[in-house]
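Each chain carries a letter (A, B, C, D and E) given by its place in the written order, and its residues are counted from 1.
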Amino acid sequence: MEYGVFQLIILSIFINNFVLSRFLGLCPYMGVSKQMDSALGMGMAVTFVMTIASLVTWLLYTFFLAPTYQNVFYFIFDTPIQNVPDLTFLRTIVFILVIAALVQFIEMYIQKVSPTLYKALGIYLPLITTNCAILGVAVLNIDMFFKDGLPLPNSFINTLVQAFASGIGFTLVLVLMAGIREKLELANVPKPFRGLPIAFIVAGLMSIAFLGFAGFSVE
Amino acid sequence: MAKKTFVGGVHPYEGKEFTEKKAIEKLPLPQRVAIPLQQHIGAPAKALVEKGQEVKAGEKIAEASGFVSVPIHSSISGKVKGIEKVNHPVSGRGEAIVIESDGEDNWVETIRFEENYLELDSKEMLERIKDAGIAGLGGATFPTHVKLSPPPDKKIDTVILNGAECEPYLTADHRLMLEHADDIVAGLRIIMKILNVQQGIIGIEDNKPDAIEVMRKAVKDFNNIQVYVFPVKYPQGAEKQMIKAALNREVPSGGLPMDVGVVVQNVGTAKAMYEAVAYHKPLTHRVVTVTGAAVNEPKNVLVPIGTMFEDVVAFCGGMKESAGKIVMGGPMMGLAQPNLQVPVVKGTSGILILEEHEAHVPAEDPCIACGRCVEVCPMHLLPTTLQILVEHENYTEAERLHIMDCIECGSCSYICPSNRRLVQGIRLGKRKILEARRKAG
Amino acid sequence: MNNIFRLSFILAIVTTIAAFVLAEIYQITRPQIEIQKQAKTKDALKYVLPDAQVIVPVTQKVPVKDKAGNVLYEKEVVRYYIGYRNSDTTGVVGYAFKAFGSGYSSIIETMVSVDTSGTIKKIRIISQKETPGLGARCVEDQPVNPKKKQWTTQQFVGKTVDQLKVDKDGGPIVSITGATITSRAITNSIREKLSELLPQLKLASTENIGG
Amino acid sequence: MSVGAEFFKGIYKENPVFRLALGLCPTLAVSTSITNAIGMGAAVIFVLVASNTLVSFLMWLFAKTLSEEGLNSINKIRIPIFIVVIASFVTIVEMVMAAYFPALSESLGIFIPLIVVNCIILGRAEGFASKNGIFLSIVDGLGMGIGFTLALVAISFVRELLGSGQLLGAMIMGEGFKPVLLMILPPGAFLVIGLYLAGLNWIDARKKQA
Amino acid sequence: MSETSEKLFVVTSSPHIRDADSVPKIMWTVNIALLPALLAAVYFFGFKALWVTLLSVIAAVVTEAAIQKLAKKPIRVHDGAAVITGILLAFNLPPSVPWWMPVVGSVFAIAIVKEAFGGLGYNILNPALAARAFLLASWPVEMTASWVAPKEGTISGIAAITSATPLNLLKQSAKIIASPEKFDPAQLQAAQDAIAKLSSSYTNLLIGNVGGCIGETSVIALLIGALIMFYRHVIDWRIPFTYIGTVAVLAWIFGGTEGLFTGNWIFHILSGGLILGAFFMATDMVTSPITGKGQIIFAIGTGILTVAIRIWGGYPEGVSYAILLMNLTVPLIDRYTVPKVFGEVKSNE
């Protein structure tokens, strides 16, 4: 399937929202949504890391793992296409290591370059390594924008757009959730429902409301 | 010209018809009075008399104990029975000088009229005002001389006399304007002189056309004094709202009127000032509106301070069987009293007696977020949010949402369809925050 | 600094060991995975062409180009399949092809067989991820019940290319209640693919019968 | 602590899903049918037990063979090593599933590779296996894995039964039953787990009272 | 001191007078305001409409009472809020739904959407709308394939749409016109006819003689209800008018089949649940912003989403999802529209 940029944005933010429809990134969605400020910080950090991680994993997959004509062995070392090693089975292990290293690196880099940004995102970055949204989007990009190891048209752009838009979608629902939970702090929620249970019910109702976006036809 | 007003406010039942046509009557000399030492905001006064001492009306019986404090004068002549703890309409219990009347109305000799009072220098005027024990008669009872002594860096350019009397039921100021318009204007000119101000405004709500007419007549010779008419809306008479309506200036959050160059005084206070400056007459009496459906003969009464509510109400024919609640002041901001054994103080603008069926506040329902309290709040706060925050003891957030700016006018509680105790909660929150601040030093 | 290199080195070794172990397992599972990948298509082919002994794919070379348009290499793509009655590839019983339609929430892949006159023999939905209980009901294949107007893949049997239209568009195909988009996607995708292939099929059939 | 206690804590008292709120993403995503739930559960049990075993073994080996200094430096890259171990086992599951259980592999989709970031697994490796012996680590892994699976089954039981009227693919509800489609859609997952958690809280509160 | 009376009087905090309005008064006013539309529904769709409404109301009230009893809270169903939920849910269902759907929907609305959050005043979403979305997701066939032609016949004689709502027809026709190459000339012609006829069906839309949900069809009956609510100050102009205005403008710009600025905005206002939604559901106090500014933002957002779903979305009607989605944003809107406090000065921290 080929996607237009606008279509992909709508898809990623609303229709296939990472949290409400794909069930990715639930831990921070439940854990960091008690306060608006931290929700916003987490959302921004996730969006940032998701985009960079998608970029890096796309490059790795295209040039190292997939046995295609774009593989470094093929176009630099002139290995015949049949002999290019198929390393796609290493996808999971490579991606997770790269993401872990990347998060470390981003953390150090931000700390050095922009203390303000570090103050805003810093405390969320270590939490992100084990956030399935990051690995999720990386794997998803491969599933959606590659066919038999070959990138589909606009694969690279689509990857970036999907990662960024998914991050925005994640931030959107996280912030909405935080607003609602702040309000619920002051509500008269029955005892057994307090805390996580009501948060899940809010998520369920949110997900019901988001069904309204289903079937959007965007060109 | 469109009538000037502020944003927010409510239109409660006015209830003025009980007494607005009733001329002020003088209360017959009471048997005894109990004059509380604390009748103003600030440090209580220090008693100067002893048990058994004879005093005359107008005699100073307690002196100010600091700058933000005022002296107290006897309102009748007689013998000091003692300094006792009595019911206090504001603080519940408090020390008061109890004086038994000698049946005569002997006044101190110092009271005399001075023709050229306006030529006195402002220092002298201030001194006389201070000595007369004047505190704001609108109800807040802030020592007047303090209000009239702004720090030199605050440039005051306007004095507003507050004749709005926006509290339902109360007509004391209304009657005062009708019957003593010239005294009030004279008081205003004194204030203008003290503060060296060129603009004087008298603000009146448009439900008192007769007062407006009388006052306009009284000021027609003074082209630096105008009468402004405001549409009826509660709390038009709140200082900040009046300044906003009259001059379109907003007193900054946490600030005072003087921060925008304005001093506001109640019309009754102006009259008292005139008497203090021109006659050396201390503040010993005030006009009290005795009203409400449960009063047999509602009246405006000139009452010696310290007189028991009981005596005042008795003069008005007593209360009906059906009486259910006694309020000192108006129904919006007044304080409910458990019985009539409380003395009239300088801040007693009215005694309101409600029927049993009006007395009870209906049970509270959950907030349905209708937003009416937000709409009516003259300070543009979020009353329901603040009250809920206080309920959850989240004072930090409440402070961030400016809980301290609440003027406790009661508009929110009045309008709330869920009958939530909004002002009550906010008041509690303010107190907790102040306590915490005090503890923190 | 030295320490960092040493640690990285250790980590690299660990990773390499892991990679080699995984490579070994991959070698073992790979053929099976390939078989599984083909299995669906094979099953579907057997289903839609039950009377064929041999099914032969007809392929076409498609050039793979880079951005500049240079042909990098050619890839073999299956256009359609021919089913033969006999194991020596004689006696054509029909042709099969895949149709892809974009439904409500997924691409619906359908295997379709036609007889030598171009009439549909059978269809089978190979893959879809439509809404459960709605569009996902497109896989239902109970026999056609003339009394009950109801979607089933059996209703495509015997339809010609012109008849491939859902009822909402005035055709004879009963669509799934509440899932017109899915029904339309399947029907239209078959129609489009068939009308594209029909001219080529005629050619192919004569050729093979002759040979 | 006894072996039995180590095993059972994962099932109720420290149930990873219901008590610790770990591994939520796969729990919600694959609980549309009991078959999926068991498949996912089996994959997690395998990875959990295997990684617990290997981690426990490795830590034992390091402790035996390395000097203090060496141990210290290994400790610095402990977590990455665990991740490699876990990712390797996950990849094995991925390949085996694709080869022998293609249908399951397809319906679990990206949640198989995502087992890597399932907090339960790294959590147990770091929190338990690295500090305990091999045998206990296996027991712990089994307990946690089975607890996870049971939670999954509990949720998918409701969702499959109400959402499609089936259990394990067999029609259970009568002809007249109109499946509550919402249950197998994403909102159903959130609502069911929310109600389960509320129910557990309620039971706990009742117990405390008693 | 004195012996006149030992009686102690009531002492409460000020103010001592209260406005006479109360929560039950507000809620029952809304219920009364909903009656004209109910009468219209019974007239056009028969007594089935009444039964569906009654079932829904009874289920809502019983559920609320049962939960309040279970939770040992005071039972306060008399405030009429549960009745509103019941009526509004029924109003959002097609007239021919199976009887158990309003019941299930009401139970969901009250138990999950309202009481799990603490009951009246604490719910995040409009219970009736959330329940409708729940029903639509759970039983889409029953919710969308059971339109009933109004008693008086079809709208403007378009026989083909007895089983569709006007918006449904508009959307289908617009799709056909948008890609003419995919359809027969006859179909294209029919679609163009349909659109032309829809534009001339205002009278039917006004009185409610069209297919649709039970309570949404009769614009006039709904407006009578709205007038009652305005008169009793139960609702304020901001949400309904901003909402309808936004829909009108956007429908005019984007809703046409012949390019921008050709949309039939009058049709968009009169058809579907816009009037019902704008006056009765978007204005739900609990789930709309508390400040005036917030309400306007809320209404504009609802308008945008409604038009987006109607024109580009998967459903012919977008009102209920639009309101639900904006309900979710209310805490955020409230947070960022805190009014400027009287005399607030920019502090230099």
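Just so we're on the same page, a residue touches a chain if its C-beta (ideal position, glycine included) is under 8 Å from a C-beta of that chain, and two chains touch if they have at least 3 such contacts.
All figures in this text were calculated on a predicted structure; none of them were measured in a lab.
Enquirer: Compute the shortest path length in steps from chain B to chain E over the network of touching chains.
Expert: 1
Enquirer: Provide the labels of all chains in contact with chain A and in contact with chain E.
Expert: B, C, D
Enquirer: Tell me, please, which two chains come out on top when C-beta pairs in contact are counted per chain pair.
Expert: Result: the chain pair B-E has the most contacts.
Enquirer: Name the most central chain, where centre means the mean of Cα atoms.
Expert: If one averages C-alpha positions chain by chain, the most central is E.
Enquirer: Could you work out which chain's C-alpha centre is the most distant one from the centre of chain B?
Expert: C
Enquirer: Can you work out the whole-Å distance between the CA centroids of chain D and chain E?
Expert: Those two chain centres are 43 Å apart.
Enquirer: Can you compute the centre-to-centre distance for chain A and chain C, using the mean CA position of each chain? Integer Å is fine.
Expert: 31
Enquirer: When the centre of a chain is set as the mean of its C-alpha atoms, what distance in Å lies between chain B and chain D?
Expert: 70
Enquirer: Mark out which residues of chain D touch at least two other chains, giving numbers and ranges.
Expert: Those would be 80, 84, 87-88, 91, 95, 179, 181-182, 185, 187, 191, 198.
Enquirer: Spell out, as numbers or ranges, the residues of chain C touching 2 or more other chains.
Expert: In chain C, 15, 18, 22, 26, 104, 131, 133-134 touch at least two other chains.
Enquirer: In chain B, what residues contact two or more other chains?
Expert: 366
Enquirer: Applying that definition of touch, give me each pair of chains that meets it.
Expert: A-B, A-C, A-D, A-E, B-E, C-D, C-E, D-E
Enquirer: Along chain C, where are the residues that touch chain A in the complex?
Expert: Of all residues in chain C, those touching chain A are 15, 18-19, 22-23, 26, 64, 66, 72-73, 102, 104-105, 107, 181.
Enquirer: In the complex of these two chains, what residues of chain E are touching chain C?
Expert: Residue list for chain E touching chain C: 140-141, 144-145, 182-184, 186-187, 314.
Enquirer: Which bits of chain D are touching chain A when the two form their complex?
Expert: 21-22, 24-26, 28-29, 80, 83-84, 87-88, 90-91, 94-95, 109-110, 113-114, 116-119, 122, 182, 185-191, 193-195, 197-199, 201-202, 205
Enquirer: For the complex, which residues does chain E have touching chain B?
Expert: Chain E residues touching chain B: 1-2, 4-5, 7-19, 21-23, 25-26, 76, 79, 118-122, 285-292, 295, 338-345.
Enquirer: Across the complex, what residues on chain D touch chain C?
Expert: Answer in residue numbers: 32, 73-74, 76-77, 80-81, 84-85, 87-88, 91-92, 95-96, 98-100, 102, 163-164, 179, 181, 184-185.
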